[in-house]
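In the two complexes below, chain A is the common chain; its partner is chain B in one and chain C in the other.
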Partner chain A sequence: MERLDFLRELGNIGIGHATTALSEMLQGKLLRLVVPDARILPFEEAAAYIGGLDEIVAGIFMQISGDVTGHMAFILPIESARTLVELLTQRHGTDEEIFDELGRSALEEIGNIMITSYLNALSALTDLVMSPSIPALAIDMAGAVWESVLAGALVDEAVTIIRTDFSADGVDIGGNIVLLPDEEEFQKIEHALGLEDF
Partner chain B sequence: MPKTVLITDDTAFMRMTLKNVIQKNGYIVVGEAADGEEAVAKYLELRPDLVTMDITMPKMDGITAIKEIMRHDPNARIIVCSAMGQKPMVIEALNAGAKDFLVKPFDADRVIEALRKAAP
Partner chain C sequence: MEEVFVNMGEIRALARTGVLTTVGLGSCVGVALYDSVAQVGVMGHVFLPTARRRNETVDMPGKYADTAIPALIDEAVRLGAQKRRLWAKLAGGANLFPNLTTSNGNIGSQNIKAVLENLALHDIPVVGQDVSGSHGRKMRFFVEDGRVTVTAIGKEPIDI
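Our next item is the complex of A and B:
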């Protein structure tokens, strides 16, 4: 199995679980529409793939420790973040009103659940422990959010992105799970899964 | 007498969600804690019948907080509510004294079922 096929399949399992769970949080308003798409891209292309450096996005990031170390992020366009927060908190208003302390903490929780569900699926398959840190949230231009994400990451030159699209109350919501295992750490996962020979 | 509950989670949104679910089902939320340290302090102060405990939190994590609370009160009834559902973490929490382990996000029925089972 190719690494990307594996990541995509893992995306199906992890994100399937996360979206089912998020739908429950949203009282069934969230529906998964598109099968996750996984890509490994150089940094510059990754930013463009997600929507351009000047676009405003919300990024939730977590450091991963345990048997496999690295960083993960959940990045979504500001409109998608807004829709999710409005649905979760049952409020409407200006950006400032929506992204107040409660709104920001709802976004952190969405990121936490998306990322951790993915890690839980990976852990169940590999028997490796991957513990996420407390989530950090940034709402800014994508370029600045990328800088925050990459600041602590010990990666070579490429990032893995698992794209996932939903629709909630007739509004399309896009999100991207970004996987940044530290150098060499991917091999541990592949080793645990016996994928090295492929 | 309705049972009393202390909610522990570092995100305000999750505390609000849990509080709504728990109060709708006849329990009284007597306190909220945003980290493990606060959970231990509030447990000793409020002596609730039940505690919900997140795992990944600043200052003191949930596993340490469970151990601390159990050290003061071996009869404490603590239910973990965490996104981190990996097997070793579940086992560690149960070994530390947690009565149940719910993986976030959970549905309301599961939360109430766990509370009822822990304190009939």
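Our next item is the complex of A and C:
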């Protein structure tokens, strides 16, 4: 098994856990749609992948501790964030009204569920213990959120991304899970999986 | 007017006319160096204070403050600027996740500190800045006259 195969497998299991958990929160309005795509980007290509650097995104960022240390993030377009928060809070309005204190904490909880779903999948696959910190949220320019996540995790070489697409109540939700293990920590995952060159 | 975008870790330069633009500065620091006589401008998009491994800096000196500042100066001089005439303007160095205290600390403020220290080492004065806080910024550097504007979401651009 190669590392991308492993990441896709992780993506499949992770999105399975995440949609189950979110469906319960959203009273069954969530459907899994797309098989996740995983990629490992060189740093230089990260900006091109991110695309519209001044479009607004929501980013939820957490620190990971335990057998493997590092960070994880869930980054999604503002429209997807808005759809999820509207479904969860049963409210509608302007961005300012939707992303008030209640809306922001709902979004943090959604990010928490997404990230811990993937983290639990990773734990189960590797038999390594990993636990997340409380989630932190930023709603800002895509470029600013992405670079703050990468720099905050001190990741300056390759960036591991799992795309997560699903639909909620008939609306497409796009997003990215970003895996940011500390330096050398990926080797522990590799070792646990019996993978080479991870 | 030509607009050249400066992504994470990159260094770009223009002479006489055009705009150097950095979109979406978060914890990174946008550094503009200018020689008004030569009308030469260079811009960097500094990602971290320093490299953890020395060989990292070979491909992309602009990624780290300690290698970016000398590389920016070299690039300006290559285009006809004189080092003693250069000044700097800075934007960015924010902390977008102020509620998350991590073991790596506040990268934005570490970046600002490192950029200021390295500019001081080369006696380059900082004549304008819009740094820190917890929001992203867009920075545009007009090479014709050295004007730099900074924009945050939902705000009018400000001159620094």
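Throughout what follows, the second predicted complex is superposed on the first by the 188 of 198 C-alpha atoms of A that agree within 3 Å, B and C clash if a C-alpha of one lies under 4 Å from a C-alpha of the other, contacts with A are read in each partner's own complex, and residues count from 1 in each chain.
FYI, a residue touches a chain if its C-beta (ideal position, glycine included) is under 8 Å from a C-beta of that chain, and two chains touch if they have at least 3 such contacts.
Everything quoted here is computed from the prediction, not taken from an experiment.
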### Task
Consider chain A as the common anchor and indicate whether chain B and chain C clash or fit when overlaid.
fit
### Task
Considering only touches as defined above, state whether A:Ser133 meets chain B (first), chain C (second), both or neither.
both
#### Entry: Partner chain(s) touched by A:Val159 [first = chain B, second = chain C, both, neither]
neither
### Task
Between the centres of chain B and chain C, viewed from chain A's Cα centre, what angle do you get? Round it to the nearest 10 degrees, please.
120
### Message
Quick check for you: in the superposed arrangement, does A:Leu7 touch first (chain B), second (chain C), both or neither?
### Response
neither
### Query
Taking the superposition as given, does A:Ala38 touch the first partner, chain B, the second, chain C, both, or neither?
neither
### Partner, of chain C and chain B, that touches more residues belonging to chain A
C
### Query
With the two structures laid over each other on chain A, which partner does A:Trp146 touch: chain B (first), chain C (second), both, or neither?
second
### Task
Could you say whether A:Ala46 touches chain B, chain C, both of them, or neither, answering first, second, both or neither?
second
### Query
Between chain B (first) and chain C (second), which does A:Val178 come into contact with in this model arrangement: first, second, both, or neither?
neither
### Query
Where does A:Leu88 make contact in the superposed view: on chain B (first), on chain C (second), on both, or on neither?
first
### Nearest-approach distance, in Å, of chain C Cα atoms to those of chain B in the combined model
10
### Summary
chain B and chain C footprints on chain A meet at residues 133-134
### Summary
Residue set of chain A touching chain C in the complex reads 43-44, 46-47, 53-54, 56, 59, 61-63, 71, 133-134, 136-138, 140-148, 150-154, 156-157, 183
### Query
So in the complex, which bits of chain B are touching chain A?
10-14, 16-17, 56-58, 83-89, 103-107
### Task
Using the touch definition up top, name the residues of chain A that touch chain B in the complex.
21-22, 24-25, 88-89, 101-102, 105-106, 108-109, 112-113, 116-117, 119-120, 123-124, 127, 129-134
### Summary
As the complex stands, chain C meets chain A at residues 7-9, 23-28, 47-48, 51-52, 56, 60, 63, 94-100, 102-104, 107-108, 111, 134-138, 153
